[in-house]
Amino acid sequence: MAKNKKESFNDFGLGVKPTSQGYRALNKDGTFNIKKTNIPFFERLSFFHSLVTMKWSHFFGLILIGYFVINLIFATIYIFIGLENLTNTVGLTQFDQFTEAFFFSAQTITTLGYGRVAPIGLIANIAAATESLLGLLSFALATGLLYGRFSKPISKIKYSTKAVIAPYNTINGFMFRVINPQKNQLLEVEVDVSMSIRRENSELRNFHILDLERKKVVFFPSIWTVVHPIDKTSPIYKLTSEDFYQKDIEFIVVLKAFDESSGQIVYSRSSYKASEVAWGEKFIYLAQQENGKVTIDVSRIDESQKTELNT
Amino acid sequence: MAKNKKESFNDFGLGVKPTSQGYRALNKDGTFNIKKTNIPFFERLSFFHSLVTMKWSHFFGLILIGYFVINLIFATIYIFIGLENLTNTVGLTQFDQFTEAFFFSAQTITTLGYGRVAPIGLIANIAAATESLLGLLSFALATGLLYGRFSKPISKIKYSTKAVIAPYNTINGFMFRVINPQKNQLLEVEVDVSMSIRRENSELRNFHILDLERKKVVFFPSIWTVVHPIDKTSPIYKLTSEDFYQKDIEFIVVLKAFDESSGQIVYSRSSYKASEVAWGEKFIYLAQQENGKVTIDVSRIDESQKTELNT
Amino acid sequence: MAKNKKESFNDFGLGVKPTSQGYRALNKDGTFNIKKTNIPFFERLSFFHSLVTMKWSHFFGLILIGYFVINLIFATIYIFIGLENLTNTVGLTQFDQFTEAFFFSAQTITTLGYGRVAPIGLIANIAAATESLLGLLSFALATGLLYGRFSKPISKIKYSTKAVIAPYNTINGFMFRVINPQKNQLLEVEVDVSMSIRRENSELRNFHILDLERKKVVFFPSIWTVVHPIDKTSPIYKLTSEDFYQKDIEFIVVLKAFDESSGQIVYSRSSYKASEVAWGEKFIYLAQQENGKVTIDVSRIDESQKTELNT
Amino acid sequence: MAKNKKESFNDFGLGVKPTSQGYRALNKDGTFNIKKTNIPFFERLSFFHSLVTMKWSHFFGLILIGYFVINLIFATIYIFIGLENLTNTVGLTQFDQFTEAFFFSAQTITTLGYGRVAPIGLIANIAAATESLLGLLSFALATGLLYGRFSKPISKIKYSTKAVIAPYNTINGFMFRVINPQKNQLLEVEVDVSMSIRRENSELRNFHILDLERKKVVFFPSIWTVVHPIDKTSPIYKLTSEDFYQKDIEFIVVLKAFDESSGQIVYSRSSYKASEVAWGEKFIYLAQQENGKVTIDVSRIDESQKTELNT
């Protein structure tokens, strides 16, 4: 990677051709504007992945529906076997019979087993023994899924909604800010900034990896201003604000960190389009001291002020 | 590794000698054509690993058989103790006695415990208390196994079935394509391509690690064409299609990535033999724009067309 | 990182301005003296993280309270439905009715199900079936939380409470000691030492990353003396003990290791202020041989003796 | 690390002073010959770590004893409360009363709940509800422990019991072999070889990191001969077999790999003392072809034959 760091390259998995003005490769929320089609069903499918990443409301909905359906099925089975094989179910109406069978099933699959209704005879016992095993396994699965959902590494890193072009030493720099709003410590935080730019008189795009003032920090207790110094080697050297629009520039940010609380590596992505870059503004310094503690007002991450650019 | 990157080396754990024409070191599915013999039984054995990697049908079959056998054993124990120590089992035929004992066991090991049949007296109670503890531990194990099976990192990365020799800038390149058909994001994708080649007038083989245009991409939303530029430092410089066959060349691909959804590192392997390399073909560009989204038709990963090679 | 290793930089996420004399950026226990304010509630919130990192006493207290409250709620529901829908609860006083409902709920949510009290009829059965499912899911969650709590990587690495300036070859060095008091092996131990120092005639601070004699050891069976050689390139070259106080120097240590027993990466942090640096002292050698074993007396990690510094 | 790769250094956490002839720093099984004393109790303690690493027989023994003791405690509690608060326990002998209380406890803590014996009244119900919660939590803990025990990364890598000094190209090399006897794939296998050597006319020791022919292999399907070329930069250049004994040399091997089946990084360690180095022998080539598969006879890993050394 080092060797072609400053060269442009043609393909970044994002497609170089389809670059209608204003196309955004990476959405603000870190998802890609890419649709894959004609994937064979079984290659696309990932049972565990879907159950772990779906919304909580869908997850619990699915469990409730599954619980209902499986009890329905076993209720039917018990009625088919005959309720005379379940204790305390003699002489009931058809509706009550179904109710008893349904809740006997529920008491069996959860291994609750009050015992007021209990199976008698070979067939009913086979059904109940099978159902209780099924219940245990389903529940084992649910345990794994819940753990998988909760232990999934989630980074809630916040990006400034705009980037700025501000003075940096004797030159200027492309800058944005990131913040970790949570209590957990992020360590060895590493950032990659790429840029996609339309070629001169062409529909095609080039991709560049940008040099950064610091690519990595060992710890990240509060706020970090990521800086790309616009020196002579920079692909945006000499470009103006109009060029940014005209060349339909997009900055793509990938951030990687070790999340101490979960012991896992987390990633976070965002992007800036030309319209989200403020020229001649600089971010306001946020750290303030209070009772021997540095205080950072997280809600002011976007605050900036006008400034003179170096020329 | 850096220092002998372009040198050949003798051993890659794959064996340099046994190179009958057409021998394939790495199968298409990523398994190696290697058999290890005379391994002491306990060193080979890995209980958890086997249960986690076996087929689902075998896994569930094993659970069912285990459930049946353990209940059989405990049923025998309860009969041996005497059914007068279980409630509601008096005056039954021998078959019914066994049925009662068997399903009492099933109700105990699942901690279902309807209670119609319940143990009385010291011995029967000891057996039941032991069985329920055993049940809980078995179920704890099943929970771990199910989680282990589901959370196992699986990469379904797809390789183009053939590689091509196509023009690359002013020279030619050895190229193949990889695609991630699933929804989960793969990050920091890194690829290693090695090549094994038969030595001149010898049965022995040399191994080379090939230089790549890009060894790593930060993110991998869709498709990636991996390129080995055939410049003067390449071990396949000046070789022809016939040389590929005659020297029984095999390209070995190892791909490593961080799977964002599981938070784990996944590996994938494949290989290309001489017969799977198309000379003078180039891959067709797949990304198409549709409603502001790039669309990739995954099923066309192998599509290529004739082209002139640089000389 | 390599390129600006010896340069000073302005921001390390710790704030450069608020440097009242004696301010400590990193506490001895590895927490940062930083407070983040105005974080939107849902971004700050991390349910699983809180439950995994809270104290054991709070964790169990929460479970007990939760268990009590949920049974209270369901007891109310069962009474609302009417106790005539539970067996064996006829003709009780109001208090006894509540007791029966409460413990029926407890027997249901734990899937205990003695059955002396059991639900009859549609409504009571729906409530009980729902409660038992809720019980199973809560318990699945508790299993995940307990595992999350126990498997959380914890490093108990101990630092010498003071650092020393001692002779090192022909120059002097800044040194401190670290020890792993536990039985588990730490591997690939890597240490980063940064220093924050007040600028000349300014309230602002510079940060420096210090060069170390060894940045990494492959294994770490006992004790390691980390050394920053104070050569001409060192930012503390020519500084005196008084300068340390006057410039309000703070050394920030971040240690990273692979914990073999958990298979996870662990981090540990500490810091040394000017008052915790002993000039002209050297640590006492601790390893002693006994019955063919090297013995290290961990409690003597801080022992040092006066020595002449090189000039 | 790179910069002092070939320099000797004084401390490797292994102690440089206590070097009685024949002292072994690292045992063959990968444990260190180091004893840490005077560690405060709570720093040494690691509850989860102990339960996860203890022998299976001890683990199950502990569970059985715990199950027995907890039931003993609760049996005492139920008797103290009075057995008239448990159904079906009236008019028993004292021994039978205890038996009933004990097994009622067992049926409660496992959430089995047959219900023949069930609690009546406030106090007995409180005890039973508490016990069942305790049972669920203990079982949740057991689930986590079992999973922790099984998913613990274990590498069963085998080392040749002896190392050899054999010809290597035009010079000689220090060589040993490693093999992965299991079915799981090890990837990105990396090896570190250090050497400890007694100083001339001194009791102290120096440590050296040895240069290797290959430090890393991308995949490791079978057998790997690790080679340290004894060129002019080697710390064992010009040394003889007698020097090895007289200087009490020890080679320390640390191997790191990614275990594909568990998705975890595993480490393995071994060492070679002077007496375990065979001079003028070379390992026999093991790979043989059979039905288009390479076959490796793992049991022959130590086989070597006499050879002439280069001079």
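A, B, C and D label the chains in the order they appear, each numbered from 1.
Convention: contacts are C-beta pairs under 8 Å (C-beta built on N, C-alpha and C of every residue); 3 or more make two chains touch, one makes a residue touch a chain.
Note that the structure is predicted; figures quoted are calculated from it, not measured.
*Asks:* On a CA-centroid basis, which chain has its centre farthest from chain A's?
*Replies:* When every chain centre is compared against chain A, the largest gap points to D.
*Asks:* Look at both sides of the chain A and chain B contact and report whether the same residue positions are involved, with over half shared, or different ones.
*Replies:* Under half shared, hence different.
*Asks:* Give me the C-alpha superposition rotation for chain B onto chain D, in degrees, nearest 5.
*Replies:* Result for this pair is 90 degrees.
*Asks:* Round to the nearest whole Å and give the separation of the Cα centres of chain A and chain B.
*Replies:* Chain centroid spacing, chain A to chain B, equals 25 Å.
*Asks:* If you average the CA atoms of chain A and of chain D, how far apart do the two points sit, in angstrom?
*Replies:* 35
*Asks:* Quick one: which residues in chain B touch 2 or more of the other chains?
*Replies:* 111-115, 143, 147
*Asks:* Touching residues of chain D toward chain A in the complex: what are they?
*Replies:* For chain D paired with chain A, touching residues are 111, 113-115, 143.
*Asks:* Give the list of chain D residues in touch with chain B in this complex.
*Replies:* So the residues of chain D in touch with chain B come to 63-64, 67, 71, 99, 102-103, 106-107, 110-116, 139, 142-143, 146-147, 150-151, 154, 156, 158, 179, 181-185, 187-188, 213-225, 258, 260-263, 285, 287-290, 292-300.
*Asks:* Can you name the residues of chain A that touch chain B in the complex?
*Replies:* Its residues touching chain B are 1, 4, 9, 11-20, 23-25, 32-40, 43-44, 46-49, 52-53, 87, 108, 111-115, 118-122, 125, 128-129, 132-133, 135-137, 140-141, 143-145, 147-148, 152-153, 192, 194, 254, 256, 264-267, 269.
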